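Written below as structure tokens is the structure these notes are about.
To keep things simple, chains are lettered A, B and C as they appear, and every chain counts its residues starting from 1.
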């Protein structure tokens, strides 16, 4: 085993020797980089030109290519495996590891022209140890989505996802940490400090919930179809699904549970060691620009960190989806905290045991 | 003898080198990865071997139970696929005549359409307000929509059988094709009734194809995860889903690697036992 | 040999088998029928009621270069990996059934192993390998992965045909002084040609719709399944995907039927 590994070490070692020779050239190129190749490790759908249209218009000589990551774990795995992407897109809860393991560059916000459109609360999400490592971009709520014609009364608590009344018509997100979060809202656990006994209780709770659950959704289209054709009455959902269903004329409501909604934020980071740091920074800057941000809102029905764009939303469907007219909603919203590597391993392993249980 | 020697190496080296480099080496890498305690640090650098992952896996009974269930499901799927595919192969060889090639293509073409799209349309057909249920409730055959058509273990088994039948037909088709029709004629001339000559002559001659087909379906189905993911619902997960989750949801490659090694070992043991029972070597000659 | 003798040797009621085949084909094509229906639907989701009928999506398809490129990529990868897998797999089959050597079980196990390993494991492992030795991911890396995965199918199909075939013809040819490679080319290959072709079709099919490997090993060029996956987030893009899938299926069917018609005409010409 060892000699095989040593053989694989040899190749990076050879590269490492070659790098100092190249770095001199890089220093000179960095300051005025407006062309070149940029590789982005991105989520499916966001590679479409609409979502970097400002950058495309401003830097036509730059070539952008995309590598698709299918989940936070996938993005993290690819970053660990040594992807050559310059930029990657991660979500709250999955940020700490990149900082701890030295995989992300610091962002020089003084070079960002659109930075002042980003509210402080969002800026803070990308800040670790006082340094800005990530640029907040897309965000959304997670709450309970329900069919108003199939559910009597209204839903006012996360416990609806575990309610036997809806047996066979519940669909929740296929995500362990997400479900730990839901349980901690219901039972008022401290999400950042879940003990082993609490985790066991959570596991037992979700194993029982499996009897009531129809399917775990991994992507929104599955949930949209399921709710549109009446199979699913109550679901854990993002507001993008809500807006889409409203647009289709399906009678749904998006709960404002007494424990508060959850919110997640997507952020961009620059991979440490990227040779295109300057161009990457410009890409990030243009991501916050108005046209790009508007496309996210209008096509994906997700929020953006660009406050100007958010304040100018006029479409009634979207206003309803974002609860724009009700500021108390945002106040009672719980933002996803960061996971440590240990928590991540424990909570994701817990979820596989839920799936494997008899 | 010499030309044969050279031929041997010309035939032997390319596949072995290819599979060696692009399969064995990655798998060995995975095997090594399973002895890593966690994902910390540079993945490609040396690490201290640890049995943490295996210890964790052995402690969790539900993983083993799921593996046993997956093996059981794979067995059922393989058996049913082969049984249902046999008449198809028979038809192709003995009935379709010169249209056999065309019929074969007709069987294969649906698989050139995206599986994802086909499953979406299956869900549309089988959903509780889908076409089949609507029809059955409309004609009052059933009172409530059938829930079990989707999102259950049985739905997974049925879907897998449905998807495997055309593939399972192929090794059997290949084996039936080499049956000398003269042998069948002689059997008929000697007065054997059709069914008798089938069981006495045709079926035994096609056995290598039947077994090849069985293993071709059984082995990959043990690790299947796409169909359970799309159709299984919350209770239809198979072992493959757990393995996949550790790679794509948990970012815990060492744990995923350890689980796959376990699955690999168990499947290989099963196949070795089966090969013994069936005396594969003798059949191949 | 007459058809009469054959039907006497086979189980009775021949029309049962034909019916069985037809029922199976109908079941296989049912979801495709649904897709065909919805490719003309103005709405964007697979649910009733149908909105207006339209050819709009097919038009949009031809205005979508990325969709067409993804389809083209899939076909290229499938052609290459299908051919590579067939060549390598046939070699293995010939070795297993025509040669006697010490590593026979090892070779068979090696050829079968890709079936046992879950594809996602192989995908990640190949990703790590390519990153470690510095090969950039591209359509070629996907093709390499697909070849590995398709190999067992080829070996099983060709071996099923080759096993038990008499070596008489080959031995006779060798007695007459033919070199073995020539024997393989002129005698063995034609004998197993139908199986090799079936195996190629299977290898091609396995690659065309393969998702897990393609997702992990893709560079800038995506194959159709990966592209479809990335577009599924947009409910509005779904109908164009469906239109493409339907077009590919109808196109292939048409080609196959055309080939059959030509063959029949040619045959009739020969008979006359």
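As a working rule, a contact is a pair of C-beta atoms (placed from the backbone, for glycine too) under 8 Å apart; a residue touches a chain by one contact, two chains touch by 3 or more.
What you see is a predicted model, and the numbers here were worked out from it, not measured in a lab.
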Checklist line | Overall pattern in which the protein chains touch one another (line/ring/star/complete/other) | finding: complete
Notebook entry, point to check: Between A-C and B-C, which chain pair is linked by more C-beta pairs in contact?
Noted result: B-C
Check: If you average the CA atoms of chain A and of chain C, how far apart do the two points sit, in angstrom?
Finding: 37
Next item on the list: Report the inter-chain centroid distance for chain B and chain C in whole angstrom, where each centroid is the mean of the CA atoms.
Entry: 15
Next item on the list: Check each residue of chain C and list the ones that touch at least two other chains.
Entry: 46-47, 124, 128, 131-132, 229, 232
Margin query: Where in chain A do residues touch at least two different other chains?
Written below: 8, 12, 70, 77, 81-82, 225, 229
Check: Among the residues of chain B, which ones contact at least 2 other chains?
Finding: 29, 43-44, 120, 123-124, 247-248, 253
Next item on the list: Could you please specify the touching residues of chain C with respect to chain B in the complex?
Entry: 1, 3, 5-6, 8-12, 14, 17-18, 20-21, 24-25, 27-32, 34-35, 38, 46-47, 84, 87-89, 91-92, 94-97, 99, 101, 104-105, 107, 109-122, 124-126, 128-129, 131-132, 144-145, 147-148, 151-153, 156-161, 163-165, 179-181, 184, 194-195, 197-199, 201-202, 205, 208-209, 211-212, 224-225, 228-229, 232, 241-242, 245-246, 248-249, 252-253, 256-257, 260, 264, 267
Next item on the list: Within their complex, state which residues of chain B touch chain C.
Entry: 3-4, 6-8, 10-12, 14-16, 18-20, 22-27, 29-30, 33, 43-44, 87-88, 90-91, 94-99, 101-125, 162, 165-167, 170-175, 177-178, 181-182, 184-185, 187-188, 192, 194-195, 197-198, 201-202, 205, 208-209, 212-213, 215-216, 219-220, 222-223, 225-226, 240, 243-244, 247-248, 253, 256-257, 260, 263-264, 267-268, 271, 281, 283-285
Notebook entry, point to check: Any idea which chain C residues touch chain A in the complex?
Noted result: 45-47, 124, 127-128, 131-134, 137, 215, 218-220, 222, 226, 229-235, 238
Note to self: Which stretch or stretches of chain A touch chain B in the complex?
What the structure shows: 1-2, 4-6, 8-9, 12, 70-74, 76-77, 80-82, 101, 168, 174-176, 210, 213-216, 218, 225, 229-231, 341, 344-345, 348-349, 351-353, 355-358
Notebook entry, point to check: Can you list the chain A residues touching chain C in their complex?
Noted result: 8, 11-12, 15, 44-45, 47-48, 65-68, 70, 77-78, 81-83, 219-221, 224-225, 228-229, 244, 248, 299-300
